[in-house]
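The data blocks that follow each hold one structure.
In the two assemblies presented below, chain A is common to both, partnered first by chain B and then by chain C.
For the complex of A and B:
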């Protein structure tokens, strides 16, 4: 199999703080061609920073200290600005959570998408309008010809996200990074957008790196899942194994604090006590140890290495047993 | 019924906006019993938050009545309303913008006591400490400011503020939507514990049916300003009747990896504009079961089971249920 994305040993540090304020800390992640990989985590776990690092879009305060990010076999960290511009959009592109703030409010949908096509030489001024309509039809924008002439504020949240996806697909990327693409949308619209992403994957053969906090979305969409905690991946594996038999206590905890389908409503929900650590506050041992029901002395001293004895890989001294 | 705490009849609220009149709430009637959790479910813009604000007397309705313990709130002057406001408090969605950033936690939690002239300084201090302890905050933290707390802790501050007056009803407007799942469970457990201890009723407003399933004794589903279904917990989950309720339940992402999106039906079509004058059922443009009558007549709420009502023309047809399962 061919990896479209291969991240190894990535570490990124928040500038201006103490040396150890790592927001991404030793992250390995691969995405194969055509695969849907979900990167799951809570706010502050570093999942969006991981997404931004792939296209070198990290905020100025955060810089990468170690690791490699191979996108289509080439290290994005060694690319000059011109090559990067070329790669963004054609190799990989991003769909953000809030389409209202990531689309230009002063440009019509048509102009924004056409700009992308023109810059990358995918169309001429003459052919661009037709290609824009094709793209809008690809993302099933209702009434595409009329919508193309409208501004983002004329569109509903769901339609704006469709426009955003059309923009991201304009240069036929091999990897689509979707950063919480439906978190701002209602459930019925969320379902439409997620289904559209899956259809596009099937039709265009691109891979999707889906960044989300919602395990329900993961279950519906992903082929593989990677769970992030405190800037690192603590467990990864095929979706069925990972969700049905989580090995890492954090994955286990995330799943068990969801209100269960047929549980007695008088039963208390399982809680994960405490809060995720601040970047830089974990100096040694497993970052989840302070909140973990299974931790003991070794957990606070030695950070566990990634191991596997089945389909899932996990970093834990005391994993839940395989079924 | 004698144990009804709050009774709403035919509530209507229209906002005038630059794009025209927007009817946010129309013909909403419901009643909440003492100590129960009544959930209002629906998507953004359906009017559920407006109902919550009207109940908390933060927005005045255009028509309809709200009776709290036998007092019609809409008929009272602001002065007469004041003592009754103590009985209804509110918890907001965003724990970041709903707390005064310049006030200490103590000040935030004791403010309702000051406003209502309750207790002296010493008593208020003691009550604040007691309440902080009850919601799981260390009373020593009373002199700190909201920015020093995480989202979950801030929501605890908001809960302490709402409960310090010992209200009969708390309007919880999306109380956990801004929180991570691990913290969400903490807050939901806290709300249930407090209800058990204090007997407070909740009007629980949420778009998340999984959370509602866990919390609510009674459920009302709203769609474009109207109630389309109301039912007790057991009846609602056993037999969700309105096609919109069923679509919402089906669209809820389910963390079962054998239940893949490809195999699920997806609700297509667009919502009608809330500004336009509409005829017939508002859901028909997206409804898989819509037929001729739906475009003509707006269906009223009709009983489909004991205490269970749905606003759909198909409610009484016995085979409509099988019909939907196939659709």
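For the complex of A and C:
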């Protein structure tokens, strides 16, 4: 298998604050062709910034200081503007968290999708409308012909997210990055959208980097899971191993506070005592130490390195033992 | 398309109907205010004639209905207003409606030019400033706008006359066209255009500065919204993002503010038309106030209310044409 995405040692810094305010701090992450990788972690752990950095869409306040991001084998950080624009949408594209605000309110759905097809030469002005309908039908937009002519405000959140997915898929990217695509939607719609994403993966064969804080979603969707904390990956592995036998105390904490019947979707992963650290607040040692039930002296002194044990990979001095 | 035109037509008709009670209300207020000032037209006419006998005064008052109780005068005024009969101007010895129409076009020309100038400059300069934020074009434009914002209109008008008319002699200092030149067609248009430059610039200066600052802020704010990141993630270039996605969204507050600024501009036109002897409603208003020409003054106020109402309808339609989220219904 080939890696469509291979991030190594990524560090991104928040400009204007103290020099060590890293929102991404030594992150390694790979996604193979056709694979669904879930990136999980509490709010503020840097998931969105990781996603944005892949297509160089970081906000102006944040800039990358170290590392490489290989997308389809090429380093996006070494690309000139033209190449980068060409890569956006064709190699990888993003579905954002907020369907309410991520589409232009003054443009019809058709124009927004057609624009993408046109700039990448995937359609002409004459063929674009037909192609847009096809895409909307692909994401099972009901009444696609009529919806295409409508504006985002005419669509419900779920339908907007479908339009957003159609847009992201327009140029057949090899990697679809979905940044909490269902967080803003209600439960039944969430299930439909997730099912749609899996379906599309099976039909189109693209890889998906699914960002979520919902471990229930992870179990249903992902092949592999990477757990993110304070701007770095603290544990990753195949979904079954990771969910059944988490090694890192943070993963363990996330899992044990998952409601048995995860019925209430509004209940976020806030049950681990304490708060995640602010960027720049960690000087040394394990970033999870202040909240970790297993921490001891060495944890606050030395940051643990990534350790591999079979299929599991974790950064911890005192991991939970494999069963 | 035609159904769209129909929707706009219905919208405008509805707004006009809604405006009728407003106009009546304005008429009441206008009338009361003007009648609260001491003295009437007969006093003024008599005063200018030097001396007048009480009989002559009484005769004047009776002739123009000034001896009637106030509510009678008001009802008469209201009834006539409905048929656009705004009475007779004693000073000009002409019907008010005729006077208003004669002075309407110069003012419209002046104001529309000033507004278009402000709107276009606002967008162009605002976009340049926002796209070069915190670099020298931005500093230049922002500072310029701030200075223009703080410059008194009458001072600017006089300085421009001194510079361009008196010293350089390249622009006419007063009037709307060269008297007695007898130009026709394009030659006349060019002549009027030359007379128009300074008053329009002075009148539009404040609004321009305002719109530049608003557009800059609006571009920067819209530029941070999520859909702009979406546009970037599609592979669009920065120019396409700015002009296709950000610009139209950023224009919305400008259109709104334009509707609100028209009233202020009517006030400004009194000043500018007086300074530049522009034969418009503003100068007419100035004359009417100082000569206690009550009928004319009432007509002018009525006319201004009408203009404000119409501009507001126009901006509302424009806003709805740009933003599909606000319906015509």
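One rule holds for everything that comes next: the second predicted complex is superposed on the first by the 312 of 323 C-alpha atoms of A that agree within 3 Å, B and C clash if a C-alpha of one lies under 4 Å from a C-alpha of the other, contacts with A are read in each partner's own complex, and residues count from 1 in each chain.
Keep this in mind: contacts are C-beta pairs under 8 Å (C-beta built on N, C-alpha and C of every residue); 3 or more make two chains touch, one makes a residue touch a chain.
Please read all numbers here as calculations on a predicted model, not as lab measurements.
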| item | value |
| --- | --- |
| Joint occupancy of chain A by chain B and chain C, clash or fit | fit |
| A:188 touches, of chain B and chain C: first, second, both or neither? | first |
| Touched partner set for A:79, first chain B, second chain C, both or neither | neither |
| Which of chain B and chain C A:42 touches, first, second, both or neither | first |
| Which superposed partner A:142 touches (first chain B, second chain C, both, neither) | first |
| First (chain B), second (chain C), both or neither touched by A:118 | neither |
| Which of chain B and chain C A:306 touches, first, second, both or neither | neither |
| Between chain B and chain C, more extensive residue contact with chain A | B |
| Chain B versus chain C - smallest C-alpha distance in the overlay, whole Å | 9 |
| Overlap of chain C and chain B interfaces on chain A (superposed complexes) | none |
| Sites on chain A touched by chain C in the complex | 52, 55, 57, 59, 81, 85-90, 93-94, 96, 98, 101-107, 115-116, 119-120, 151, 153, 164, 167 |
| Chain A partner contacts - residues on chain C that touch it in the complex | 224-227, 229-237, 240, 244-245, 248-249, 322-325 |
| Interfacial residue positions of chain B with respect to chain A in the complex | 43-44, 150-152, 180-186, 188-189, 192, 207, 209-211, 213-215, 233, 247-248, 251-262, 264, 266-268, 270-271, 286 |
| Footprint of chain B on chain A - complex, ascending | 42-43, 142, 156, 186-188, 190-192, 194-195, 198, 213-221, 239-240, 242-244, 253-255, 257-259, 261, 263, 265, 268-273, 275-276 |
